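Look at the two complexes coming up: chain A is in both, with chain B in one and chain C in the other.
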Partner chain A sequence: MKTCLAAVAALFATAAAAHDFWIEPSTFHPTPGTAVGVGLRVGEYFIGDPVKRQSSAIERFLVRQADGEQAVGGADNIDPAGFLRADGRETAVIGYSGGGAYLEMPPDRFAVYLRLYGLDWVVAEREKRGESARPGRERFYRCAKALLTGARGAAAASRPLGFAYEIVPDDDPTRRREPFGGHLLSDGKPMAGAVIGAYLQGEPSIRLETRTDSAGAFRFDLPKAGVWLIRSVHMERAGMFDRNDWNSRWASLTFEQPEGAR
Partner chain B sequence: MRRLIALLLLLCAGMARAHEIGTTQVRLDLGADHRWTAVVTTFPTALLNRLEAEAGRPLSRDLTAARVQEILPGFAAAIARHADIRFDGQAVPVTARLSRVDMPDDVMLPSTVELTLSGPIPDTARAVTWRYELVSSTYAVVFSDGTGGAPATQWLEGDADSKPFALSVNAPPAIPGQIIAQYLQLGFLHILPQGLDHILFVLGIFLLTTKPRPILIQVTAFTIAHSVTLGLTLYGVISLPPRIVEPLIALSVAYVAIENVVAGTLTPWRPAVVFGFGLLHGMGFAGVLTELRLSRADVVPALVSFNAGIELAQLTIIGAAYLAFALWHRNKPWYRRRFVVPSSLAIAATGLFWTAQRIAG
Partner chain C sequence: MGRFTMRMGRRMMAALAISSVLAMGRPVLASDHADPVALGDPESNITDLFFFPQGDQMILIFNVVRSLLAPEPYNLEPFTYQINMDLTTPVSTQDDANRARYGGTVLVPDQIHPDVSITIHLHDDVTLKDVTFKGLDERQTGNIKQYFSVRDDPFIFPRFFGKNVISMVLSIPKSAFPAGQHDYILWGTTSKNGHQIDHVGRSIRSQLPRFGFLNTLAPKDHLKALMEMKTQRDGIYNFLHTSKEWWAVAAGDLLQFTYQLRKYDLQPDVMIYSDRFPVGYPNGRVLTDDVVAQTCSFGDCLLQELSFIEGGWPRATKNDKEFSPDWPFEAAPWPEQKVVPAATHSVLPWVILGAIGLIVVSWLIGEIVRRLACWLFGKWWRRVVDA
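This part shows the complex of A and B:
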């Protein structure tokens, strides 16, 4: 694993084009019966702007907790994008998939953004196709998950939700501090060689990065307790009838890792 | 025909999808007193954390309104540096101040902070561009021209530059001939090739019969109707939201095509129905003109020439369809069975698909 503790200023110098997407609930450890606002965030280095709920963009927006699976309700054009009543008895899994948003950006910024996310092969492919001087045209799809700490752990935390691109922890990471291991799935199959990043909320200088192995597995030695964002992006060439040249899939997982000795 | 429908569905599948619209909003007022003011409403935690990270300070968590009011004024100069307002390409100085903080305790309610940015407008300025770097989501900038021009809204992706917004005070006087030519072309292109739903509606009218009189009656009813609502919508007399108008336009496409299959001749109610649908299409046409921020003096010539462009496009569609097929085959015994019915069914299926798609949003 390659760990990178970079200077904050350097991180923000290249922030302009990046756009991570994650779920940020109003609390990561709700007591039973608590009303939880489920915020969607877009941003970089775990500093994000709220995204309003748009029903037309949502494919699935759900919560799995002790009393079963329910849709996360909410009202359009409102932040928080969803609301739920926390069961609190065990770890709850919130999932959001959707998107299809289109983005076009100048070629130089597109190249910076691709390299920032470890997508150098896309830069090379654009060069090969003679597209390096053309704007980057991308449509992106989101698959975000969050874990809410409950009174006890839950096997559901380490089960896939069936998203097109998904980070699945090997164990429930909200229980105790230990190295975080997981698998990255694309259409339910292991995704090899993908870049995975980890960010600690409130400390943008801490940036961990690794790649999945041939089985889609990855592992982070998270240096501190707190709220973590694990994320990955995968890009593929769009179809000939598409307005965009590239389709990207963004997977994220947010959770709070407790204090305590290893 | 199944292949045709499949192709149409495939083409439609990739049409516009939702952007990730955030809670940031900007209203940029361009005053007659040679000063501009921008009111930026945004999410306090992200704003403050970005500024703190840039300054190398620890990030604030669990913010309260009082804490934001205490910390944020210290970043006024940094906020101003992240706003790039240019008149005719030249950046102008920006000052920023905190106007309001609203952070309710209820997690179900959004938190906002309001910043007021301001600066001078050069005397000879013709156009302004806006860029704000402290946001990642899609947001709207409303340009408001205090010197007499119409307001306009632009949607921006994060820190992207806006398109230039023209100030009416120093705008060169428009030449009437240019306006007529410009809007004639705009009206034509709005139908052909850009208005696939309008094209299919006109083809639906044409497919009913090859006799000139029924076509003329329907086209006239459609033209009068859409001219009326186009004008009334443009002057703000009537208004219906696109979420109502657009599905009904799609439904009108399906209706005329289905009636072609079921009736086959000009029914007494068809001109009235086409007139009714024309009223809806007129409201759809108005959308493109309202987005163009016409000055009051330009409204009448623009309206007339835009309408003329639409008529020209409709006649082109009917003429092309007639020359391509009806002229040669209209008297054949199979004309209706092999051409009118399958084509109408394909149009009807497309119209119904659009209706469902537009209702679903």
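This part shows the complex of A and C:
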């Protein structure tokens, strides 16, 4: 029993150190001209804690909607991290990139976390390099996107924002209920073999997982309408002079898929 | 050094910008009593807007001119007083926070428009010059009861106890509105020569220092303006607050509770009334509403503090005169007093202002010279060491 509890505690501790990161707006269906609070969340399985705005950590924080692209403003140390005025005429894309934070984890916790996110190859690589007993030293970058449903769909929903790691839907998923297909891009190029997860808000038991194909494509048959989080994490070896051994990139996309027959 | 000086300079400029903004802010007084823009034209200064049902009537009270005790005549003729009502833009009461603060959420704020406009011109003796009713059932406008006079200031706030206002009271038959009308979005304005001077929506909003810019805008433009101003002020705050200099951080803190727009500010300044809920601020407003305490309970306590500072103990939660249950509801006016001529302008404030300016400029020059000297010394020292 004690072992079991310790394992659970270790898992949660690991999760606390390495979290999914996503955008959670105050509404996914803004009416034209209304203010939308853009919350940032960090957590697991689409259950997250608010992340207050830290301007120094933000690389890009923008919204692309019918009347063009604007920066998402906001005050530091406040949740929601940003505010925008929704145009509402068509699907809007909110994007956030930033991070660059450093973290260090004991080797056993680091291995659990890597396996949890399907990064077994990193575990193998650490073994090969004789680093398995060394703490995991990582720097992470976050690239999150959200789609706000508008009066009509928008081609912008399926266009990349140019983030370092990015989930790009093939079609605007806010229009109708259908299988969700997309591509995963790393530095603008297709990312093959990466694990992609899908989670439904309010139903943490629904967890879908797949891998991208050689063209970076993936597809989910989302079982229910609702607010979905699609996420992926990618890790690569850091440079020789870096303090950390690994760089991780976290991509997410949140949107609401409408009710309705397929 | 170049970069460092530029960074320092930007911070100093930001701090000076804040100082300027703060300096422009004039004393905040009460309800809608003290929109700074209105102080130059006291007769344009809106003090209150009330809207509540009474039997088969809707009572509308629109007050102007704060701290009034002077006898007639006043200077009312140049001004246009207008109350507008949007009866068609949808209002939601689903958001609890917005309902508590604003009476509801206007779902399409950039489409707020006047379906009803009541335009009033007064003579300088507070008698009616003309009134027009646009958008109400014409068969009923003749039945609208009207009252224009000096009355006690109904605002529950110590500074305005014992003071009067110019009051415009209308009793509008509910039948003058479209059948089945449940939701009302209201706002009032004053203007002169076609230029809007003051605005009132929900009480204790546009007169707060951070909202001054709303007074000359139509409600449909409020949210856009609020977003732009929030972005601008947030940028200054973030810049100052991430500085190493203590005074920049302190200036950021000062900005935060004075002029920075808050996350719950992003709503147009209008009064919402719905007969689906009991009347009372912020669902319309009745004379007995202690709006200062209510507004404090959801985030704006400036007037609450002032009411303690200027009032006695316990804090007054009722007006200093009993309201009348009958027409025209507001209490009788306080006795007129002779206007004491304003004191001759003193040169002293200008001397003090000049001295402060001189100190700031001297400090700026001193700081630049000091940093330049440090930089030159460092450069010279490196050369000496290298040699």
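Everything that follows uses one rule, which is that the second predicted complex is superposed on the first by the 244 of 262 C-alpha atoms of A that agree within 3 Å, B and C clash if a C-alpha of one lies under 4 Å from a C-alpha of the other, contacts with A are read in each partner's own complex, and residues count from 1 in each chain.
Convention: contacts are C-beta pairs under 8 Å (C-beta built on N, C-alpha and C of every residue); 3 or more make two chains touch, one makes a residue touch a chain.
The structure displayed is predicted, hence computed values, not measured ones.
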Superposed partners chain B and chain C on chain A - clash or fit:
clash
Of the partners chain B and chain C, which touch A:P80 in the superposed model: first, second, both, neither?
both
Check whether A:T31 is in contact with chain B, with chain C, with both or with neither, and answer first, second, both or neither.
second
Contacts of A:I47 with chain B and chain C, given as first, second, both or neither:
first
Check whether A:G100 is in contact with chain B, with chain C, with both or with neither, and answer first, second, both or neither.
first
Could you let me know whether more residues of chain A are touched by chain B or by chain C?
B
Between chain B (first) and chain C (second), which, if any, makes contact with A:F21: first, second, both or neither?
first
In the superposed arrangement, which partner chain does A:A57 touch: chain B (first), chain C (second), both, or neither?
first
Which partner does A:F110 contact after superposing on A: first (chain B), second (chain C), both, neither?
neither
First, second, both or neither for A:W228, with chain B first and chain C second:
neither
Going by the clash criterion at the top, which of the stretches 9-17, 27-35, 63-71 or 207-215 from chain B hits chain C after superposition?
207-215
Enumerate the residues of chain A that count as touching chain B in its complex and touching chain C in the other.
35, 37, 55-56, 77-78, 80, 83
In the complex, chain A residues that touch chain C:
31-35, 37, 55-56, 71, 73-78, 80, 83-85
In the complex, chain B touches chain A at residues 10-11, 14, 16-24, 42-43, 46, 49-50, 53-54, 56, 58-59, 61, 107-108, 110, 133, 135-138, 157-160, 360-361
Can you list the residues on chain A that touch chain B in the complex?
8-9, 11-12, 16, 19, 21, 26-27, 35-37, 40-45, 47-52, 54-57, 77-80, 83, 99-103, 105, 139, 201-204, 241-243
Residue ranges of chain C in contact with chain A within the complex:
105, 107-111, 223-224, 226-227, 230-231, 234-235, 237-238, 241-242, 256, 260, 263, 266-267
